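Multiple structures follow.
What follows is a pair of complexes built around subunit A, which joins subunit B in one and subunit C in the other.
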Partner chain A sequence: MKPELVSLILNAVQELGEHNGVPLPTALDGDTPLFGRDGLLDSLGLVTLVVAVEQAIEDELGVSVSLADERALSQRASPYRTVGALADYAGSLIRAAA
Partner chain B sequence: MDTPITLITGTRKGIGRYLAEHYVRCGHRVVGCSRGDVDWSLDGYQHYVADVSDEQAARRIFTDVRKKYGRLDHLINNAGIGSMNHSLLTPLSTVNAVLNTNVVGTFLFCREAAKLMKTNAYGRIVNLTTVAVPLKLEGEAIYVASKAAVLSLTGVLARELAPFGITVNAVGPVAIETDLIRSVPKEKIDRLVSRQAIPRLGTAADVANVIDFYLLRTSGFITGQCLFLGGV
Partner chain C sequence: MHIDFLLDGFRANHTKDAVVWREQVVSYGWLADAVDRWGRSLADAAPGTVVSLEGDFSPNAIALLLALVERGCIVVPLTSSVEMKKPEFRAIAQVEAIVSVSADDQARPAHTAARPSHELFTRLRSAQHPGLVLFSSGSTGKSKAAVHDFVPLLEKFKVPRHALRTLTFLLFDHIGGVNTLLYVLSNAGCIVTVQDRSPEVVCAAIEKYRVQLLPTSPTFINLLLASEAYKDHDLSSLELVTYGTEVMPESTLTRFRQLFPGIRLLQTYGLSEVGILRSQSRSSDSLWVKVGGEGFETRVVDGMLQIRAQSAMLGYLNAPSPFTPDGWFPTGDAVEVDGEYLRILGRPSEIINVGGEKVYPAEVESVLLCMEGVKDVTVSAEANPITGQIVAVKVSLSTGETLPEFRRRMRIFCRDRLSGFKIPQKVLIVDEKMHGERFKKMRRAS
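Let's turn to the complex of A and B:
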């Protein structure tokens, strides 16, 4: 499931770049930092991405999960620190919901 | 213009039912919920049986609205319960129930509605509080505290959601004859009414009038406000 989620998140990041003018690096992958140190997103960008990912998961995988998380601001444990971390976090919630 | 999509909580009876009927009359598509099913029906109204403090149930409603309409224009957080009782006689289970419905429920619906409204960069959220907050009405400690929390939420969310084109406001009615205040003694209601600038009971129409104003497209610069009825 992880590669699927990574690409779903990358699509959402791309869209954010196009519609919200977030400057993106040329290469995007699981290691791309999202939020926190060297992250692409400010807090409003993060909110927008999280909502877009929740909706994409609902549309494409038919599961409704809330990607809200208490550890948002933690440097080490934040599920929003990279694309891959967010994919792992979303994957764990999707499995728990199944 | 597209038909406005309006979600109202607590529509089975009382003010919520009035609001559902009112906004259907105004040409909105109204989606409503309450813990119980409704014994009435209306073209343009769809009911969900859901407790506002149940996250899964709430998300189901929003998923449906998103699938069906792709957007949400208005949310009215009307569902509310009270406990008219001296604090020393109020059981903990009541405290939890009041906080869950009034505070947790309002928060959850604001959160989920904002996600949907944000995709359209437009939204109007209206929360119900009460004049019992500024009047510090004795005998309703936990109810008043929960509605004070709704007032604080309104103010903070107004700021957090402003970048998404969403306004968040509140209306604080005086006593209105519904089941909510049925158990309050008449003398107490009379005393409350006498503290208003305009000493009469309120009506659901008085509440709808304030909400109509908040929902206007032209009210886009009005957010974080609370309007108390009766001149309190």
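Let's turn to the complex of A and C:
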């Protein structure tokens, strides 16, 4: 599941880069930092990305998950550090919902 | 005695058309007789009786309203738009007698066990003045019952003005509807009633009865433009469209001006609590207005509009007095000021706070309404733990786009028109209508 989620998130990052004027590095992968140290996004970009990823998961996988709630913010390691971390967090919620 | 000036006018214009109702036209002579007739059958009702008048604009409902005022009663108009809430509203208003006017204009009286004791009613009774109880629409919360003394309310209609053939779009139990009615009747104009307030029916009535004035709301103007109902009807009689009750999206104003360059647009500003202020737009394509007029004063305190009015209500039946100690009514509307002109921004309670940045829903709605295929939009706040709130939008589309397709197009469209934090982060495509019976947007969560 993880590669699928990584590519879904990367698509959302690409779209955000194109339409919201966020400058993106040439290579994007699971290690790309999103928010926090060296992160690509400010808080507004993060919110927009998270909502877009939630909607994409719902559209493509038919599962409704909330990636921005108290639980996400209280994780010991932020699920928003990198693309991979967000994919891991989303994956754990999807498994729990199944 | 309270409405002598109206009845004198009715007699003097007895052959003129007063009301168009269901293809029938009644004259001022008929209306004067009907007021007399109802007055005689109300002879048993003590002045000060609280009477709910349940119906819509129809010849007998109008005559009954005037007869009840003349009798010194306290009138509580209720329309079918509040059907579900009628028992609650009657209880709040301590209604003693119910007069319902059916769809075919037959009136039936009934009594209740209520014995009105509210202090505001006592005040009206001791002054021997008729009263009016109006419920606010409650689009942002609970409906409040405003009690008016009918005597100062009638005062401004004693000044003769020019009356136009007017469509009663605003409701019979709404301050705007009552104002339209009294204005037209006091100047021997003609009221054109509609049974249905859809763009199609309204346009057909304008064409058929050569309506000159349409008092309406920005939401209806949007629906009119989106439905294109105006293409099937001749609206050339229309001279003036007034709009009030909510913030006008700039885009709607611009599109209306392009389509109807010959129609004058006028923003009105009125509230159940203070009545309708006369207003003057800087120009037809401007959202800047001068509000006030005789009997009204305005001031801006901390960016918020306050009004002092001779015709202000006495108070609420079901809420504490909102007036400041020196008698000003805080409207709750944030305004910008430019000399003597104001621009109404909206309710701070509707402001969306995105990580400390403020977003007025009306501004975002205005931009989205410029997009091809967008029929209607409602922008509201949604809680989000990252930024506190985010901007969410419900949109109804005529394009059949999928959500990702529309979202992409929306982001591109908004990029040069809105700051990033104002671009909706969450989008929902819906099929339902987004306004209540009063054609005001319902932003509150349902």
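We adopt the following convention: the second predicted complex is superposed on the first by the 90 of 98 C-alpha atoms of A that agree within 3 Å, B and C clash if a C-alpha of one lies under 4 Å from a C-alpha of the other, contacts with A are read in each partner's own complex, and residues count from 1 in each chain.
Heads up, the rule we're going with is that contacts are C-beta pairs under 8 Å (C-beta built on N, C-alpha and C of every residue); 3 or more make two chains touch, one makes a residue touch a chain.
Not measured: the values here are computed from a predicted model.
When the two complexes are overlaid on subunit A, subunit B and subunit C occupy overlapping space and clash.
Applying the stated contact rule after C-alpha superposition, one finds that A:Leu44 touches each of subunit B and subunit C.
By the touch criterion defined above, A:Leu73 lies against subunit C but remains apart from subunit B after alignment on the C-alpha atoms of chain A. Of the two partner chains placed around the shared chain by superposition, subunit B is the only one that A:Ser64 touches, whereas subunit C remains out of contact. Once the two complexes are overlaid on the shared chain, A:Gln55 sits against subunit B and subunit C alike. In the superposition on chain A, A:His19 contacts subunit C only, with no contact to subunit B.
More subunit A residues lie in contact with C than with the other chain of the pair subunit B and subunit C. Of 59-67, 95-103, 131-139 or 167-175, the segment of subunit C whose C-alpha atoms clash with subunit B in the superposed model is 131-139.
On subunit A, the patch touched by subunit B and the patch touched by subunit C overlap at residues 44, 48, 51, 55, 68.
Interface residues of subunit A, counted against subunit B in their complex, comprise 44, 48, 51, 54-55, 58, 64, 66, 68. Across the complex, subunit C meets subunit A through its residues 354-355, 384-387, 390, 403-404, 407-408, 411-412, 415, 420-421, 423, 425-426. Put simply, subunit A touches subunit C in their complex at residues 15, 19-21, 43-44, 46-48, 50-52, 55-56, 59, 68-70, 72-73. By the touch criterion given at the top, residues 55, 59-60, 63, 66, 111, 115, 118-119, 163 of subunit B touch subunit A in their complex.
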